[in-house]
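The same subunit A turns up in both complexes below, where it pairs with subunit B and then with subunit C.
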Partner chain A sequence: MAEPLVEIRNLAKHFPITKGIVRRRQVSEIRAVDGIDLTIHSGETLALVGESGCGKSTAGRLILGLLPPTDGAILHQGVDIAAMNPAQLRQMRSRFQMIFQDPFGSLNPRMTVRDLIAEPLKINGYGKAERLEKADALLEAVGLGSQHASRYPHEFSGGQRQRIGIARALALGPDLVVADEPVSALDVSVQAQVINLMQDLQQDLGLTYLFISHDLGIVHHIADRVAVMYLGRIVEVATKAALFASPAHPYTRALLDAIPVSRPDQRRPERALSGDLPDVASVVGGCRFAPRCPFATDRCRTEDPALRDLAAGHSVACHHAEALRADNSKPRI
Partner chain B sequence: MKHSMFGKKLKMRLGGGIVIAVILMAIFAPLLAPHDPYDQDLMSRLIPPFWNAQGDWTYPLGTDNFGRDMLSRLIYGSRLSITVGVAAALLACTMGTILGMWAGYSGGYAETAIMRLADAQLAFPDILLAILIVAAVGGSALNLILVLGLSGWTVYARVMYNMTRSIRERPFVEAAVSHGARSAYIIRQHIFPQLIPVLTVVATLQVAQMILQETALSFLGLGLPPPTATWGNMLAEGRDRMWAAPWISNLSGVAIIILVWGINMLGNGLREHLDPNQRGRQ
Partner chain C sequence: MALLNISGLTTVFETATGPVGAVDGASFTLEAGEVLGLVGESGSGKSVSAFSILRLINPPGKIIGGRVEFGGRDLLSLAPREMRAVRGKDISMIFQEPLSSLNPVQTIGAQVMEPLLIHTSIGKRKARDRALAMLYRVGIPDAESRFDVYPHQLSGGLRQRVMIALALVCEPKILIADEPTTALDVTIQAQILALLKDLQSELGMAILLITHDLGVIAEVADRVAVMYAGQIVESAPVQAIFDDTAHPYAAALINSIPDRTRQARRLIAVKGNIPDPRHLPPGCRFAPRCGFAQPSCVTTVQKLTAVDPTHATACMRVQAGELPRPIPTLTPELPHG
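Entry: the complex of A and B
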């Protein structure tokens, strides 16, 4: 694989919970992202998956510098954006852009499509003629004609709006695009179109995607590598083939088992997880997944497993990964 | 507002018509007024309006205690009411919007300081504050504008604060940040334009409030000193002769009611017009 575009080291984001009206004091904190290491290679699609509230969106925003991290380093081509002041960070922003989940809220309803797509260019000081020319070219590139340019967002369907959002994200010619659940708000029939568009654009422009999703079917379609998050930690990173064929972490297995199967006779035995996502603030020592893990031992409850290499390009944070992996004979999906 | 008597179009036309008529009256007062509003004529004092048996068309709306023409005084009185009302509402609007947006956008200490100050000011009546200040510095048009403007900013600040807070969390603001936008750009391009419809409505309704407050201050003798023709002064002057010459108070009262009613109708019509949930309803 190519050289790393982004390297994340020990990245953490803790949101304080405060109490009191006159004297605010911190009573607790939510560890949305709690020390993750991740490398995104140039030109790949890395999927970041996990259930709601596991911190995947927060991680995406940290990587884009939209939230200040509590701890850790975010190296974009070797430059740490976590250490930058706001002015320096603004200079960097054109290199990494975002596709938003909500195609309705992410477009200012009072701006025309042309102004929306040209906005990143305007902010970065491009001249008017160049802005209009680029905006029309981008509209064309995402499959919308320039006849749509002077309309307003409410005149478009969800899929078309997401195309507008994609065009806007590409306006500055970024290397990295973080897509935060880009199709979860769309109809299934439209999802495929948008995903295919993203893949075509990746090929044409050499983009690198960080694809945040909870839909493993889509991840299986688009990703090169997959990172699985649970409660603010990355529990497993592997190539798509390795992860879907032989998941090493019990949480990954549970996720894969939860994918609905279209043919009833191929249904796997139920291995659904019991219990809810615990309060992150309450986790003390031991593996975060232990309270819900069917394989948890005493060691799991006392010793926090570090992310370690299981095979080349396959890392996992589980004490019993080898034993569990041997148990994985059936391929999935 | 679907229970209202009139449709929004009628409201805007009727309200707007009244407001425009009064504004034109104020501008062209010297042309419209049949007499000098300050010309005293003790021989013809307390003449009733034309519809009364003792009235005549020389003084269509009668005369006051000093024999001054009521119609001319009412026409000239609209000048002060409109000027003070609009200027005070603009001052309050500018101040309240800037402070409200600042508090809502930046949060932190600015938010606490500004919004707690607004709470403190809302805790005691505006008119009391106005009375205190005018009693101390004296009544002049400028003082009235300053006092009413400074006491009215809290309404705007609270509305703008809440709207700014909700807008700044919307994804398109985050998108602008991700493109490298500065705060000034975001406020100018993404936040302020969303506030304008609400601002228009609040400001319109506020003008009516300001006019009422100016009238109240004048009535209490804290506005412009007599003999200046203001509707509040005329109301106060007529008070002593409510039984002998009821038209003095009544006519100025009716003038105030018509203007305030017109402004409120315009404001309500605008609100319904600009509220997306009301669109398409008639």
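Entry: the complex of A and C
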């Protein structure tokens, strides 16, 4: 395995819940990210999956230094960005970039495409001629022509706008690109174009992706490794093959079972998970998944399981992972 | 005789530059007790079709043609008062976003009681009992104590269950479900789809399921109609849509979904974008994006025509036997295509 590009240690972000207007006081907190460890290797696509509210987007923003963490360390090639001051962080920023979910909300409507793509170059002190030349080359690289360069974002479709977002993210030649649900706002026929583009660019430029998504179908297509989050914790990390073939955490298993089949002849008897995601603020002791888990025991309700190694490259946070994995023998798709 | 028979439905939206067609001559039937999946991408006209069936199109939108036959009557020619007696009683609808569809200042119990009080002559006490039973039936835990809560106090999954209870409390013959699980997480989506299937077999209703997600279609539909740019381009039993695909657009849609059973490095993308409804191609609307199009496809208007008793396609090349079924998979586009 390649060297780690990013190492996250015990990373946490707690958002306070306050009451009162004049005398604000903190009554509780939301532990959006609550002590996660994660390694992103150079050149890989690591998918971070989970349902809404699990903290996957917050984790992505922490890794980019867009949010200050409550606790923990974020090492980019050994340098902790959590300990940096804003000026130092700005220096680092060109090395990690983000692709956003909403291609409509993330591009300034008053700037032309060329200016949008050249903006990060301008901020980082490139000369005008070089900026324009690079912007046109980037447009070309994402499958748009330089004839598009003087148009405004509203003149483009969702898929084309997402290409512009990608060109912008790549302008400074980053090592790490965090893509937060990059295709979930796009129509399915257009999603495939953008996914293909991201894979081509990764190969050409040697990019590392942290791919945040709730869509396990796309994750299965694009990821090398997968980390599953539930209520602020990472519950399982494994290679894609291991995770899809023999999930070791009951939540991972439920997520896989809940994906709609891709063809009607694969319909199977119902295995829907019961219950809702609990309120993150109400989490107390024990395993967070225990209230919904069909395998939960008394130990699960009192003892919080730590993420531990199950096999090489496969970690899980469940007391009963071994038993569950043995039970994976039944056929699954 | 189909339960619901839609023919030539045409809905336009008036704009400053003239009318823009959203649904253009859509014809399909819904049989008693079946799940018909109406699938298409954004802007394909699938939701406008559903809203047109219930005549929920407001200006600048306007239904300008077609018939919606239900129980021997054309719903499009009913008086507003008669139409109100159909909505919520014979034909109900649930929507994508339960939070914006439920009344925020009324308790969920009162909202589920309302259709009963409007459409039946049972008293308040009985209506409350039936509403409560329905809330339990759709899986609201401890519905008795939740009867008087407001929508914002519930999770997304529970809100969608409340909306289903509200739609089904009068035991309609048809439920129109417009992207009922799109706003929900995947584990909750599985719960709601299972619930809809259960209720359908229990109450014997027909469901018109509108979705962009072919996975949802593969999971629950009996028959499928595929829409593109306001027109139905293919309709068939669900298995035939996947195995015997008869329209290049339907094939492209199926192929662009990552399939976990086969690992390909590249997804098979459809080139280009959905056409602007103000500037539609004159012939086949998919022709500019289609890998099988010939010059005549671009200029010839094509009609949905049966190619076997249960299977219809609008592709004239398939109708003429020039293209095989299922439509073959094209080799992936050039990089960055």
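Following the convention adopted for this analysis, the second predicted complex is superposed on the first by the 326 of 333 C-alpha atoms of A that agree within 3 Å, B and C clash if a C-alpha of one lies under 4 Å from a C-alpha of the other, contacts with A are read in each partner's own complex, and residues count from 1 in each chain.
Methods note: a residue touches a chain if its C-beta (ideal position, glycine included) is under 8 Å from a C-beta of that chain, and two chains touch if they have at least 3 such contacts.
Worth saying up front: this structure is predicted, and the values here are computed from it rather than measured.
*Asks:* Quick one: subunit B and subunit C on subunit A, clash or fit?
*Replies:* Fit: subunit B and subunit C sit side by side once superposed on subunit A.
*Asks:* Have a look at where A:Ala312 lands relative to subunit B and subunit C in the superposition and call it first, second, both or neither.
*Replies:* In the superposition, A:Ala312 touches no partner, neither subunit B nor subunit C.
*Asks:* Which partner, subunit B or subunit C, is in contact with more residues of subunit A?
*Replies:* C
*Asks:* Between subunit B and subunit C, whom does A:Val188 touch in the aligned arrangement: first, second, both, or neither?
*Replies:* It touches subunit C, and subunit B stays clear.
*Asks:* On the chain A superposition, what angle, as a multiple of 10 degrees, is formed at subunit A by the C-alpha centres of subunit B and subunit C?
*Replies:* Vertex subunit A, arms to subunit B and subunit C: 80 degrees.
*Asks:* By the touch definition at the top of the document, which applies to A:Ile21: first (subunit B), second (subunit C), both, or neither?
*Replies:* A:Ile21 contacts neither subunit B nor subunit C.
*Asks:* Name the contact category of A:Leu64: first (subunit B only), second (subunit C only), both, or neither.
*Replies:* first
*Asks:* So, does A:Val142 touch the first partner subunit B, the second partner subunit C, both, or neither?
*Replies:* second
*Asks:* Just to be sure I read the superposition right, which of the two partners does A:Ala129 touch: subunit B = first, subunit C = second, or both, or neither?
*Replies:* Neither: A:Ala129 stays clear of subunit B and subunit C.
*Asks:* Looking at A:Phe100 after the superposition, I want to know if it touches subunit B, subunit C, both of them or none. Which is it: first, second, both, neither?
*Replies:* The first partner, subunit B, only.
*Asks:* Just the number, please: smallest Cα separation between subunit B and subunit C in the overlaid arrangement, in Å.
*Replies:* After superposing on chain A, subunit B and subunit C come no closer than 7 Å at C-alpha.
*Asks:* Okay, in this complex, where on subunit B does subunit A touch?
*Replies:* 170-172, 174-182, 185, 189-190, 193-194
*Asks:* In the complex, go through subunit A and note every residue touching subunit B.
*Replies:* That would be residues 64, 66, 90-91, 93-94, 97-98, 100-102, 105-108, 110, 119-120, 123-124, 165, 168, 171-172 of subunit A.
*Asks:* Can you name the residues of subunit A that touch subunit C in the complex?
*Replies:* Those in contact with subunit C are residues 51-52, 141-143, 157, 159-160, 187-193, 195-197, 199-200, 214, 216-218, 220-221, 244, 254-255, 257-267, 270-274, 276-277, 333.
*Asks:* Provide the residue numbers of subunit C that touch subunit A in the complex, in ascending order.
*Replies:* Where subunit C meets subunit A, its residues are 41-42, 155, 157-158, 185-191, 193-194, 212-219, 221, 238-239, 242-243, 252-253, 256-261, 263, 265-271, 273-274, 332-333, 335-337.
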